[in-house]
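Given below, in the form of structure tokens, are the structures.
Each of the next two complexes has subunit A plus one other chain: subunit B in the first, subunit C in the second.
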Partner chain A sequence: MILVNYLAAVALLCIGLYAVLTKRNMIKMVMGLSLMEAATYLFMISLAYRAGSTAPVLLSPPPGKSAGDLVHGNVADPVLQNFCLTAVVIGVAVTAVFLSVVVRIAQHYRTLDSDKVRKMRG
Partner chain B sequence: MRPVSGTVGQAEPVSGTVGQAEPPRVRAEAAEQEPGYRRWAGAILAAGMAVALAAAMISIPREHAALPAVARYALAVALPRWGLTEPVNEIVYGTRGFDTFGETFLLLAAVISVVMITRSREARRGYFGESQAGQRERAQADPVVETDATERAARAAEHREQGGHVPGDPAEPDTPDATALGTPAPETADAMTVVVRTAIRIALPVLAVAGLYLVAWGYSPGGGFPGGAVLVGVLLLVYAGFGRRRISRIVRPALLESIELAGAGAIIMTELLGLLLRGSFSANWLPLAAPRTILSGGIAQLFSASELIEVGTGLAIAVFALIGMGHDWAPDERAGADDPGGER
Partner chain C sequence: MTEAALTSLLPLPVAIPLAGAVTAPLLARLSARLPVIVSVAALTASAAVLLLAAPWVFGGRVIAGYLGHWTPVSGHVLGIAFAADPFGLLLALATAIIGVVLLLYSLSELGGLGPRELGGYACLFQLLLAAVIGAALTADLFNLFVWFEVAALSSYGLAGFFLERPMALEAAFKILVLTTLASFAVFIGAGLLYAETGALNFAQLHDSLARHLTTPDTVALGLLVAGFATKAGLVPFHGWLPDVHTTAPGPVNALFAGPMDGLGILAIGRIVFQVYPAGSTPVLGLLMTFGLVSALLGAIMALAQDDLKRLLAYDTISQVGIIVVGLSASNPAGVAGATYHLVNHALFKALLFLAAGAIVHRTGVTKLSEMGGLARHMPVITAAFLLGAVSIAGLPPFNGYVSLSLIHQGLEQNHDAAAYWLTLAAQVITIAALGRAAWLAFFRRRAGDYEWREQLRPGMLAGLGSLGACCIAFGVAGPALLRTLMAPAAAGLLQPGRYAAGVLSGSARLVTLHITFDYFSPAELVSVAASIVIAAVLGWRYLRIREPRVIGALRALHTGSANDYAAYAIAGTLVAIAVVSLA
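Let's look at the complex of A and B:
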């Protein structure tokens, strides 16, 4: 039933997308973008899951088996876990960039309302 | 377009007539009153996205699919080629080391963007203490600031916090621990109560050791990435609990940025030496130690330790640069009658 996780990730992404599309407060837009990021983490970790699997660790094989057997055993996908690990840290840094832009806009325009920020409107 | 509130003259040069009949300068942030169509358009677009993605999700591999070939390959080479019992770590710093290399410099680019964007308009050396430095400029840019009792109290507290600190002043002791019990909690952003400080003292060593442990032993997944994030958490806990004076010797832009770039340089050297010594970028050029020891994994450990430096200082720079940009306001142009290039 990992499909439920996939659909939860889709729902999370779309909630974030809805916030980005409809909110005028830029802090809420950044929150929406963070939600969309979180949806990708959930999706990647769910995609890594295998039914009845163990963690991808080549340690303490069960009696009668070697570490070489673990290599072919039923484990979760380590590549997607790697993506998630790095994505979390990059996500924090990118959110910091968004927030610093928002603070600069607020200091320049004295508003967080994106409708009132229209110097660049062509 | 809709009229700008407060169409009184330019606030720029100090002149007597400015700002007297003006309504209060603080504009209430408009309650979010969305035009109805926007909500509907957003809902329809988000729902369409949901339907499209859900349709795609139906047909992607699920929990009974075989592992991808790249995952099996990584599991197979983790022990013989890298001496690592932790395949995730082997993938981060070995098999997909080039990917991690790219991510590292994506992180560096993000940190540099934050540093560029938050660069202050006045000369200052630290992340903290900006309010006094900005005082003069703010007075020029925005002379008609309405103050009330709350703001004056806050400014007085800020002054004490920033530089008006007098050693031995009973109102503001050198460390928050010198505050007598039973007195009101430490004032404004300086420190937290004794309960929180004690909790931080207990949690801090555990957190710091856990963060370093994640890096020191090559069989923890991720190594430097989560380790660096944990160390930033340690720094932020000290800042929140004990005030900026406790960390101001460590958290300085010059120091953090130098360490950050040293970490980036170490990562480049680690990967480049593989090209020079072994003929391929990010190849292992260090002897392999026995699995499950500190040195197991060859360059994976070196890469991981450099990544700890890079992530730890990078996130610290980003967070403290954001905290330090508080008082850097631009002149309020919208108070002016003519708004050059503004609302058109």
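Let's look at the complex of A and C:
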């Protein structure tokens, strides 16, 4: 049923993109970008999935299996999971910067409307 | 020094500025200027290590080392490779050396700021420089993504550096939205490519993709190109660039226009030539189109600007377009011209932005319509600006002449007449835009005196002087530099098989390319003279007429809304994916 994951990822991506493209409230735009980010994580984790596989941990293998079985056998792809871990860390930092910029904008412009925060154009 | 010792030193040029960045906020507690002084030392050390490798690498070798000695086992790579090829090393060296100049300049211009500001500034500045050097040396796709993100995070901080100015915050929000979207594209692209090929190392990817290319691979190519094009500032991913440059301090502008855009172009070059087999997808045609549109749109918008820094920012978009046009010519002359122009652009755009920053710093005036007569008051700044302008204009013997001639030569060899004439048209409009700016700011009469603020300090003079000297040197020594630096760099890009062999085995030799460059080619000299005459007429006419409709329409497209810019970028990404994977 891994297909459901892919569909969910695409749906999340589209909802997030919809928010980024149409919502003028900057907090909602940040939320949209966070949703898109979550969609990329779901996508990566789903790419790492192998049918019937175990976690890529070689210590204390599940009952009936040895570490050797896992090395040669069916485990989820650890590299893609690593991708996600790295991206989650980066994502937290970016969201923090994002929100602090939005708070500062709200303080200076007294609005969150991205359509009113455009002194520079043309 | 042996080759093995050199490869073990390769992570140092990144590690030293990273360490400097981490300690900068702490050093600021001891003394406000200390972190900037330490950062100058860090970048100098970084440049020195890179220079150690230079004789080997520019002699035509690719040397590679694996972090933690996780060397490949029977062709399978587990570790992260750091490889120095001439193309990457050229950008890394240029970044480190220009970084030293910009930091010295900052010390002099912004030295009066408080310890918190200077500590943060030195930290972010070094992070960005380290990220660009890392991206230039890495041979691993995921590592490239990480350097992209490090550069992105530090650029957000630098874009919003003057937190008390609302405009800077607005610019920071736009760069955040667009770069975050770009990072998703790069992230998904890298993941797809890994899931499909099981490889992240450039060499392994190259071998695998050369054998067979599937649809997910080409979708990944579209995503990666779109993502890195945002960092480079190509149209239609460029929405953030003019705004960020309008509000940032001069040295930050120079840093963004040279090294950071360089990161985007370098990554595009690596992915298109060294990872994917360049001929088997329509990606070169796509890049040629993006490049030509950027070159023309950037030049036209530059002609129409009133804010001096914004004008230079649009010109950056135009020059990046020309570099990408040279790359997508994909023959030795075109690619060597593009790498040459990449370095030249970092030099002359830094010079122009520092000059513009110095004007703002001294007079507080940012708009061309309020400037005038500055040639009398600020002869040094005037000379620096004019030197930068004639370099961009491609006047012999300045550096732009050499690189632009090479790009023209590359396009001629492909019999690509349309691209040749469009590049030339962009060039004419660029000259007109800079000529107009120089006239309005420096030579026009202006009633009333300025409110003079600060003086030019020795560090600022030294920065302007060294960049100006480089602009002249890179022009006069054109043929020699072409032979020793640019031809090997082009060889690195155009011989992906040898680059891949070098990354896998730790060392490989590139075949020397012989690129001829005739300094006194009559055709090129005539075309330069004709461009300048036409540009003078165009610029003069433009000063006297009402704004034409075309420019009004293009202006209206740049609405300033983050939603709209995101929409352009998404549209561009979809076009890139569609063209690359469906055709």
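One rule holds for everything that comes next: the second predicted complex is superposed on the first by the 115 of 122 C-alpha atoms of A that agree within 3 Å, B and C clash if a C-alpha of one lies under 4 Å from a C-alpha of the other, contacts with A are read in each partner's own complex, and residues count from 1 in each chain.
Simple rule for what comes next: contacts are C-beta pairs under 8 Å (C-beta built on N, C-alpha and C of every residue); 3 or more make two chains touch, one makes a residue touch a chain.
Note that the structure is predicted; figures quoted are calculated from it, not measured.
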- Query: Regarding the shared-chain residue A:94, is it in contact with subunit B (first), subunit C (second), both, or neither?
  - Reply: both
- Task: Spot which of subunit B and subunit C makes contact with more residues of subunit A, would you?
- Result: B
- Task: Examine A:78 and indicate which partner it touches, taking first as subunit B and second as subunit C; both and neither are also allowed.
- Result: first
- Examine A:108 and indicate which partner it touches, taking first as subunit B and second as subunit C; both and neither are also allowed. both
- Message: Is A:24 touching anything from subunit B or subunit C once the two structures are fitted on A? First, second, both or neither.
- Response: both
- Item | Contacts of A:117 with subunit B and subunit C, given as first, second, both or neither | second
- Who does A:49 touch here: subunit B (first), subunit C (second), both, or neither? first
- Message: Quick check on the superposed pair: does A:4 touch subunit B, subunit C, both, or neither? Answer first, second, both or neither.
- Response: neither
- subunit C-contacting residues of subunit A that also contact subunit B: 17, 21-24, 47, 77, 79, 86, 90, 93-94, 97, 101, 104, 108-109, 118-119, 121
- Task: Going by the contact rule at the top, pick out the subunit A residues touching subunit B in the complex.
- Result: 2-3, 6-7, 10-11, 13-15, 17-18, 21-25, 47, 49-51, 56-59, 67, 70-72, 75, 77-79, 81-82, 85-86, 88-90, 92-94, 96-97, 99-101, 103-104, 107-113, 118-119, 121
- Item | Contact footprint of subunit A on subunit B as seen in their complex | 27, 29-30, 32, 34, 38-39, 41-43, 45-47, 49-50, 53-54, 57-58, 60-65, 67-68, 70-72, 74-76, 78-79, 85-88, 91-92, 96, 99-100, 103, 106-107, 110-111, 113-114, 117-118, 219, 221-222, 225-226, 228-229, 292, 311, 314-315, 318-319, 321-322, 325, 328-330, 332, 334, 341-344
- Item | Contact footprint of subunit C on subunit A as seen in their complex | 17, 20-24, 26, 29, 33, 36-37, 40, 43-44, 47, 77, 79-80, 83, 86-87, 90, 93-94, 97-98, 101-102, 104-105, 108-109, 114-115, 117-122
- Query: Taking the complex as given, what residues does subunit C use to touch subunit A?
  - Reply: 142, 146, 149, 152-153, 156-157, 160, 163, 166-167, 169-173, 176-177, 180-181, 183-184, 187-188, 190-192, 194-195, 200, 242-243, 246-247, 304, 310, 555-556, 558-563, 566-567, 570
